[in-house]
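These notes open a run of structures that come right after.
Shared between the two complexes below is chain A, which has chain B as its partner in the first and chain C in the second.
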Partner chain A sequence: MRAPNWPLFLVAMLAIALLPLVFRNGYALHIMILALIYAIFAQAWNLVTGFGGMKTFGHQAFFGMGAYASALLSMQAGLSPWITIWIAALATSLAGVLIALPVLRIRSVPHIAIVTLAFAEIVRIIVSNLRGITRGELGLIGIPGFDALTLPVIGLVRFTPAQKLGYFYLAWLLFAVVTAGFLAARNSAHGMRVLAMRDGQDAAESLGVNIAAYKIALFFISAFIVGLIGAFYAHYIIVLTPSSVLGVDIMVLVIAMTLVGGIGTVAGPIVGAVLLVVSVELMRDLGQYRMLVYGGLIVLSVLYFPNGLASLADRVRPWRRAPERSLEQQDNQP
Partner chain B sequence: MTTILRVTELTKTFGGLVAVSAANFEVATGEILGLLGPNGAGKTTLFNTIAGLYRPTAGRIEFRGQDISRTKPHRRAALGLARTFQITQPFAEMTVEENVMVGALARCDRIATARERAERYIGFVGLEAKRATLGKQLSTGQRKRLELARALATEPKLLLMDEVTGGVDQSAIPGLVDLVVRLKQEGMTIVIIEHNMRVISRLADRLMFLDNGKTIVTGAPAEVVGHPTVQSLYLGRKHA
Partner chain C sequence: MSAEVFFTQILNGLVSGAMYALIGAGVALIYGTQRILNFAQGEFFMLAAFGLFLLSTQVGLPLVVSAVCAVILVAAFAALVYRAAIQPLMNREGWEFSTIAVTLGIAVLLQNVAFLLWGEKYQTVPYFIDGSIAIAGIAMPLQRVLVFATCVGVIVAMTLFLKYSRLGWAIRATAQQPDAAAVVGVPVQRIRMLTFAIGCGLAAIAAVVLAPIYAVNPWIGVPHLLKGFVVVIMGGIGSFPGAILAGFVLGIVEAIGITLTSSEWRDVIAFAAVILVIWLRPAGLLGKS
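Let's look at the complex of A and B:
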């Protein structure tokens, strides 16, 4: 067991916070915001699948539900997006618990995947067909951005399509909180019980792990995070269609990110999200071949680095690998 | 001596197959009960039903005076019931230390405390050198030791051990048997499934012999070993 590397975390967060000093144009900011959104999304999916061992395939439903719920609440109830994103996240997490209930009864991997995918498709079809409310594929337009804020020292912060810096730092903050949470949880009593459940449900149960409670909790937390980041996305992108936030392609992308980076690790989904978001942009010049190269890279990296690219850091510095750490070092953690 | 486990008319069927048929027995605190019988007799099924992995088709299980027939497995663990698996189930991607810590976390929530306690049981089963090895990298004998340490870390009142020496290298058997002897000396209450007659006769206070789900005989080791059905089954067939 490896103690969280808090100094590395703080340095990385600081480095990300300084990125806008180098890449200041709107396009670069947009790419970085997308990378942060996907890094949060992939971590949340990894929680249920990589750590919890439940191979789910329907997390796009939580993203879209969070996005639509917050957008519609802010538009129709006139509430501030600062409030609606939390209501949307909470509503989404309840939907997460709802889908966790049938999953409790299923141990077969393909069955969990199909049940969660079917759930997500039902959500997508409902949102598409509720045209009176969502305008279906015509798209929900006129979603408000976040209200401007006056912060001490910094002054007025606006959130508009032309002023992305505020969105960037908001995404950065969410990313920091979520990542810190995962780092801390990974080495907690709860974290260990969850990993045990993933590696052997019967054995974990025989040692006193309440696997039903943990499964529900994982879905609740994961759906909350994805719903929250979906809501953030709605007020950032300000136009929603069912296919843009509820399509299965989003799930496929998040899975690819997690696998490329390393499933079941804290760093993996982050590394994968950054790599895939950035590389797809760098390959714009390839035109129609872009997706071909992109797909090929994913296949190759998963084939040759089955533990994920984030595990390469451990290969380079073998003394940092978990099994070799001495007990004294590990004893300092909570 | 007080009764810690009381099994009454316990039956478990799979479709038409009666794996355990109206089993009746008690285990006294501090006692070691040996479970014998040919493969497919229903020994593991009996364990799985007592531990809560299977719901009984009929009958009743009382543990420490409580009816636990329908209690969830993790609640039974909390009450002090622990078990090892015939087909070992180490947490494959966790180290030996982490595996045992999961057991210790059944009695405490602090990681540091769990680690200290885990250390004690890792020492007891002699896996100190493997502390940082992943579960999936252990040999069968080491896995059996790991499962024992993990179960003991939950501080059980009753330990169910399924084929401690089953599938293990011949050379690793005496060490495993010795662990059970030491547990016996420490007064642990154990129900143990073990095929080796000599081993089980030495360890157990009483034996119970199952065949086709039915209890053939229960009693002192000499009495059970001398029973005609047991004799014919053990002389007539070769057991794994």
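Let's look at the complex of A and C:
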């Protein structure tokens, strides 16, 4: 097992941090912020699906819950978004534990897919129907942005639609922390146990891995990250509708990104998210073909590229170990 | 709730129950025989509805002829999709997830192709039969009676087909013991492709009888797919009779449920029920645990 390449990670993070020097305009910043948001989201989905082996299709629920919870808390309770994003993330992670409970009972891939999808649809319908609180599909408006900060050296940092630089560096910071966390956890004893659980649940259990605890923990961590980034998204975009943050489309996007990049690898979801967000934006004329492109990419990568682009790096550099076994056989029985 | 409202809702529940049963039967057939959860099932439903609309209003064929053609075309297309995108995955590791992912991708593709070709506007298809009849004093549009009769008729025919025809035996043999079936001369790959086509064809049949009631647009498949999944889980995944029983139970529970709450909460009832079933009895109502 190779150790994480920390120097490469630091260089990459530094390079990302310097990007706004080259791309200064608001539109370019917006694309980079979106890419970072999706890179975090896809990593968190990959944690449960690629590393944990539980194929969930309902993570859009966590994104939307984080977004709506933080937006509503900041609007109704008058709390600062700096506080509400953490409350929202924590609440979302508890929902993650709740959905992990039925998942504990089953190993069958289709059952997990349906339970998680049904859960996400319930959340979407509830948010759409509670118009008194969320305004439903009319959209929740008037969500406050982050309060301005006075930092040492840098001075006053504002967070407004016109001043995106603050948002960019906040997203960058979240991305750096999450990615560093995954890199470190990947090779830790916990990471090994999770992979063992994915590749041979009974064997792992017989060797003393507490399967239930790990599955719940994965859902807790993953939902926390997705809820947090959903909350960030709410205070960045400042308008929410159920279809924009809770629709199945979002899950399709994240699945496409992860599969294109390489499921079950740390780099895969990041590569996929950046590639898809940027390329779809570059082909802006293709705007209405966006979902078509995502659907097509899922089909093509599953059929012809099951290990994604991240495995390509391994192929190009033969001294690296072979790509992880990313998909496993599981029992058909529930 | 008055007795009359209650009885009306039971009748409505039976009609939507028959529809859920038929859609669920299609999902169950594909899952039960080859463990594939087909996320594109709803899009074959949508394509059949569009096929009926285009053939009857644009080409000008008679309604019934259009309906039959639409079902056959969709089943043939499903066979093609199976051959091109699903069969290659079946021998690979992790096919349970990759078949879900690939059918999800196909679903998104088909939705958006339909959107680009035919637009988002709701298209209407005329009723097969107009008028209504009174059942125990309650007026029932004949089209709804037709939906009920078609769904029940197709389910019965399908059950008999699986049980008594040679092809039905081959399908069941392939599901139970593919290697043994191959030894006695069953063309396993072709049977699987055929089963997939029949399963999608069942969704197509439901689509053509329902199209006049619900109207047609690229996104109509998704809710039906989700209902199909709910029915299949509740009935015991892969169990054909279970799906049928669960279809009727769901139809009636929903019909009663929406008179007690409101129609916008209907899907919440169905999805919450499915999570509870998986939590408490993962094998479903009729499944073997």
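As a working rule, the second predicted complex is superposed on the first by the 302 of 334 C-alpha atoms of A that agree within 3 Å, B and C clash if a C-alpha of one lies under 4 Å from a C-alpha of the other, contacts with A are read in each partner's own complex, and residues count from 1 in each chain.
As a working rule, a residue touches a chain if its C-beta (ideal position, glycine included) is under 8 Å from a C-beta of that chain, and two chains touch if they have at least 3 such contacts.
This structure is a prediction, so every number in the text was calculated from the model and none was measured.
Determine, under the contact definition given at the top, whether A:206 touches first (chain B), second (chain C), both, or neither.
Once the two structures are laid over each other on A, A:206 reaches chain B alone.
Looking at A:108 after the superposition, I want to know if it touches chain B, chain C, both of them or none. Which is it: first, second, both, neither?
A:108 sits against chain C, while chain B stays out of touch.
Looking at A:73 after the superposition, I want to know if it touches chain B, chain C, both of them or none. Which is it: first, second, both, neither?
neither
Per the contact definition in the header, classify A:39: touching chain B only (first), chain C only (second), both, or neither.
A:39: touches no partner chain.
Which chain, chain B or chain C, is in touch with more residues of chain A?
Of chain B and chain C, more residues of chain A lie in contact with C.
May I ask you to decide whether A:297 touches chain B, chain C, both, or neither, giving the answer as first, second, both or neither?
second
By the touch definition at the top of the document, which applies to A:129: first (chain B), second (chain C), both, or neither?
second
Determine, under the contact definition given at the top, whether A:54 touches first (chain B), second (chain C), both, or neither.
A:54 sits against neither chain B nor chain C.
Taking the two structures together, which residues of chain A meet both chain B and chain C?
Touching chain B in the first complex and chain C in the second, residues 325, 327, 330, 334 of chain A appear in both lists.
Please output the residues of chain A touching chain B within their complex, sorted ascending.
1, 187-189, 192-193, 195-196, 198-200, 202-212, 264, 322-325, 327, 330-331, 333-334
Which residues of chain B touch chain A in their complex?
51-53, 72-74, 77-78, 82-83, 85, 89-95, 97-99, 101-103, 105-106, 109-112, 114-115, 131-135, 147, 150-151, 153-154
Would you tell me which residues of chain C are touching chain A in their complex?
My answer: residues 31, 35, 37, 85, 88-89, 92-94, 96-98, 100-102, 104-109, 111-113, 116, 222, 226, 229-230, 233, 237, 264-265, 267-268, 271-272, 274-275, 278-279, 282-283, 287, 289.
So in the complex, which bits of chain A are touching chain C?
Checking each residue of chain A against chain C gives 55, 57, 101-102, 105-106, 108-111, 113-115, 117-119, 121-122, 125-126, 128-129, 248, 252, 255-256, 259, 288-289, 291-292, 294-299, 302-303, 306, 325-330, 332, 334.
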